[in-house]
Amino acid sequence: MFVVMEKDAGETMIEVVMAALTRHGFDVHRSTGSDQTVLGVVGDIASADIREFEVLDGVQEVVRVSEPFKLSSRSFKRESTVIDVNGCRIGGKDVVVMAGPCAIENEKQLFETARSVARAGAKVLRGGAYKPRTSPYAFQGLGVEGLKLLRAAGREFGMATVSEVMDISQIETALEYVDIIQIGARNMQNFNLLSAVGQVRKPVLLKRGMAATIQEWLLAAEYVMSGGNYQVILCERGIRTFETYTRYTLDISAIPIIQKLSHLPIIADPSHATGRRDKVMPLARGCVAAGADGLLIEVHVEPDKALCDGPQSLYPDQFAQLMDDLRLIVPAVQRGLP
Amino acid sequence: MFVVMEKDAGETMIEVVMAALTRHGFDVHRSTGSDQTVLGVVGDIASADIREFEVLDGVQEVVRVSEPFKLSSRSFKRESTVIDVNGCRIGGKDVVVMAGPCAIENEKQLFETARSVARAGAKVLRGGAYKPRTSPYAFQGLGVEGLKLLRAAGREFGMATVSEVMDISQIETALEYVDIIQIGARNMQNFNLLSAVGQVRKPVLLKRGMAATIQEWLLAAEYVMSGGNYQVILCERGIRTFETYTRYTLDISAIPIIQKLSHLPIIADPSHATGRRDKVMPLARGCVAAGADGLLIEVHVEPDKALCDGPQSLYPDQFAQLMDDLRLIVPAVQRGLP
Amino acid sequence: MFVVMEKDAGETMIEVVMAALTRHGFDVHRSTGSDQTVLGVVGDIASADIREFEVLDGVQEVVRVSEPFKLSSRSFKRESTVIDVNGCRIGGKDVVVMAGPCAIENEKQLFETARSVARAGAKVLRGGAYKPRTSPYAFQGLGVEGLKLLRAAGREFGMATVSEVMDISQIETALEYVDIIQIGARNMQNFNLLSAVGQVRKPVLLKRGMAATIQEWLLAAEYVMSGGNYQVILCERGIRTFETYTRYTLDISAIPIIQKLSHLPIIADPSHATGRRDKVMPLARGCVAAGADGLLIEVHVEPDKALCDGPQSLYPDQFAQLMDDLRLIVPAVQRGLP
Amino acid sequence: MFVVMEKDAGETMIEVVMAALTRHGFDVHRSTGSDQTVLGVVGDIASADIREFEVLDGVQEVVRVSEPFKLSSRSFKRESTVIDVNGCRIGGKDVVVMAGPCAIENEKQLFETARSVARAGAKVLRGGAYKPRTSPYAFQGLGVEGLKLLRAAGREFGMATVSEVMDISQIETALEYVDIIQIGARNMQNFNLLSAVGQVRKPVLLKRGMAATIQEWLLAAEYVMSGGNYQVILCERGIRTFETYTRYTLDISAIPIIQKLSHLPIIADPSHATGRRDKVMPLARGCVAAGADGLLIEVHVEPDKALCDGPQSLYPDQFAQLMDDLRLIVPAVQRGLP
């Protein structure tokens, strides 16, 4: 960290700042130029609130050099993390496609969808049992009955399973039935929930909050990892911008940025990002071509009868077509797709 | 709701759309122009996902006319809601100022701060016991011990109290000690938590999420109100934009907009919006001049030793100055300030 | 257009609104429900400011149905526009790659770069002669001398040329030397400049403004087209969001959206969007996989000595590698690449 | 400027970076810690593109310490700039209100509006002669005839005048008729136009671009000032965010931020920021209470017949009421209002 003093900062001001820094346990190296004084600061900067020094008299600027995240950082662990879920390796050589309905509605809907996506090459089955809805007047999910169906369908078609938990009280039940615990975008900074899934020993799929910076997203991963659970899969699902033609703006550049900053696998969810079926396929292809480790795609056997997010769900035929398209693209990023 | 068909949509397409609408239980009125067909749709639109119709063949656009929120809407209840907390009337004639430290640290810090803000005219004492922090490596709050101190300080200086709950499990304890339950910006769409505070019978201070539209914010209020708790105080605290000089961009226009759309009281939190002490006073004055029903301000007896958000906390002297400034402003908005 | 009256709007209010509409030359169809009155409005809505009716007493909402753009709309012209520049067909079967340095610096730099990008498969040579710079203290371009070099290099290596004009006074000169006139993001709403290039008969490459909605972008195209110049190429180059790791957030979903709304070709500029060389290649691949008609890429023989935007320029070897990658991807979108 | 090397950067990497820095004419001071090497860099940093060093091997981060703007900076000139326009002092003790119609339509409209705003206390008359419109199908202004009317009305009622120029070719004519040249938000980064008004010797009112950061805005002022014209008035008029209830989000915190960073006067335009009459008054009061040096307000004698932006124009009575409200507020910010 550097503390840059203003050009006309007097000796007393400088001493007050140095005293504040040492009181926090930092080592301070003073560098006095012809023009300006700069203080180099060494110590456990990650946990400091740099604004405490910014507001001191005579301080022009405080610059944090080191990243505030540790365990998720690529400087902490150089090699990419590969997460093995029942033999499906997320972050490995193959692009991993997770697919299924937004909400689990009944056995027929789930099994038919699962059969079709498994046949097309999906390796993980998704399906919501607890549904967070913007309006209190909408379908809220099947709960544990949904999770039981999900596990049964996953076993029937040889897929791992992923489903979202919205509250600490749902974790224990979810652990019985699903292979990957999903934390939704709206809960990305629900720190109690993050800490709780940090205690479990199953992979966590952590969606980016719709207004979260990449740094905040990695800090959320840090909450999970600091509890001892290092199996975090990051999922880009669109951020909020002024553009209104799509629900969110998929931030495709997050894919190469995360791969530079962090060793964790990164996948993309074009279904939630766009909210419109006809935009899902182009963006899914785009994310894989940009290097994503996987995709999360909503598929429904009868989207027009879906209880949730039907308009963004692909038909099984479209999903199969998408998988064929992706098989053409993966060699361009030195990946495979089963 | 209106469904606007494309100019070249054929008769079959129109019939398919009408069938889909009636299947959802809507009444449909068809209007065929020389150029284009438009369908007027009547029924319980609030709970519909309009994208279901947008994706049908031949549909150019679907337009929702009625607002999706009900109980919080001014068309549902014309007169403004006034919330009475131990005789302090929020949303009434007087501007209500809530003040106190970001986090409760110890008895001395809290009582000294409380004494100073009470003397200056604050009517509600704020203080955090459970602290949501972006980094897992930072101070996380005193918990129930903090709440006990808060109640004691509130009683000592004749102020109502407000404190944040972050999880359903904290509600019961909080109800014992605080007069107003705060839901933080990061939990504005934690629907389980919203439903839970909808069951209690104490006022809820609901902060706007940092990427929440005004409509989503009112829908979050709707979650609380649909549980039977109509005492919701809305709090603008800044939204995330591309500007980085401040932590968030305080959306001052939310004040008159909410007052038009909703009957609920609206206050503003310039401390969190700006993150910097020297910006708090101008924005606090601005919000009152724009018509806010109240303010939420961080004050600390020794900001430079604060464990949390010290840089955005006012010194007691600054707070007293601010209150004096506000007393000059309130007549311009036909309000009072004790 | 629809004007939705408030539930309690009286007969007089409704009549005032109808009178205002007919005064503007619109036909009005009144529809009175049990609950609410809605007015259907027909006429030349595109040029109306709908807020004029929104502010009338008793009006709840005014909804514009038809798009405000005409000539650029796909409902105006169903088949996609293909722009032929010296035999290079933009918007046709092949993906068209435009490449070259940010700024033209000297003959050696331009010719060496041109040779390398031509050999790798670029069909259009880009190069800036007039450089808009955020700071007045930076290199401002070679002017007409740069344009002469650009034409010479284009001829030498069989490429069409594109360069930006920043002011009406530069158009005439530019027309002598370049095949495609570029309008930069900062000038997307410089309506005088747009009108002026609407008078010329050479293709215009119109970049999206960094805060422009897709609708405003198409309206900017409309300015050019309404002057009689229908050869407009749209170029997505990133929008401004709260994320700061990249200079802008490339809005990849603009590609399929534009292709649905408009018949104009759409290309992408990942160099300006990201501002960082190591992000250009993943995003370039992503845009082509999402269906872009072309790319605009900065390449420099010696990026570390570039006078402008060196950090976002690819080395010639990287560009050749990118072209090889793209050749693997184009079959997935039923396109070719020479 | 600091260049922070990665923890495992080798000696060769460090030397390459130091060589690149010295090649640019910088002085470099190397500081080698137990953990990491940091290079302190001194010289004319303002004109450097720091990304040139960021992309070198082994570089973790480059931190610019000094602000890239100079002439507009408060560290360059401590005392606030006061701009005198015919005796009206902008940035002085009194809050200066500029008011008038969006577009000059005819003599009667302009003179009646001017009379009413002058009587209420406005000191500067605004009126558009060249109208930038998002759609090419809308009213484009009266041109020089409008300017003549503006000068006549200004003289009649003893007000200075302000009007926008959109193109270099309009400057000379505008100088004959107006006292303050306005640069609109869409032209904030039209660098040719900025340079041109830098050559004139009349005050320039520079609106913030709708996606401009405060730093870019000050750099735009720098373009004007580097030409020798130091009379720049900054005008906040709303930025683009995800919120859609208002056209733009007025960034009220820009007022105290500019006052800290720069010595230039700052005013606010709540009319364009909100686009809705009923939001203009609360925001106008808010901006003055936050410390703005002035306001720019649209007023029209018959807003419902206005050719441009009628819905955001105040009625003369509303404007007079607003001025009365402001007179109550100004003592709270130690200002006056005539």
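Observations
Letters A, B, C and D mark the chains as written, and numbering starts fresh at 1 in each.
The working rule: a residue touches a chain if its C-beta (ideal position, glycine included) is under 8 Å from a C-beta of that chain, and two chains touch if they have at least 3 such contacts.
What you are looking at is a predicted structure, and each value in this text was computed from that prediction instead of being measured.
Among the remaining chains, those touching chain C as well as chain D are A, B.
Counting steps between touching chains, the shortest path from chain A to chain D takes 1. Set against one another, B-C and B-D show the most C-beta pairs in contact at B-D.
Taking each chain's centre as the mean of its C-alpha atoms, the one that lies farthest from the centre of chain D is A. Between chain A and chain B, the centres computed from C-alpha atoms are 26 Å apart. Separating the CA-averaged centres of chain B and chain D is a span of 31 Å.
Centre-to-centre separation of chain B and chain C, using mean CA positions: 38 Å.
Counting only residues that touch two or more partner chains, chain B has 211, 239-242, 244, 278.
The residues of chain B lying in touch with chain A in their complex are 20, 46-47, 49, 51-52, 54-56, 68, 132-138, 166-169, 186-187, 189-193, 195, 209-211, 216, 219, 222-223, 226, 239-240, 275-278, 303-304, 308-312.
Touching chain D in their complex are the following residues of chain A: 2, 4, 6-7, 29, 31, 33, 35, 38, 40, 42, 60-61, 63, 65, 75, 240-242, 244. Across the complex, chain A is touched by residues 211, 213-214, 239, 241-246, 249-257, 260, 273-274, 278-279, 282-283, 285-291, 325-326, 328-329, 331-333 of chain C.
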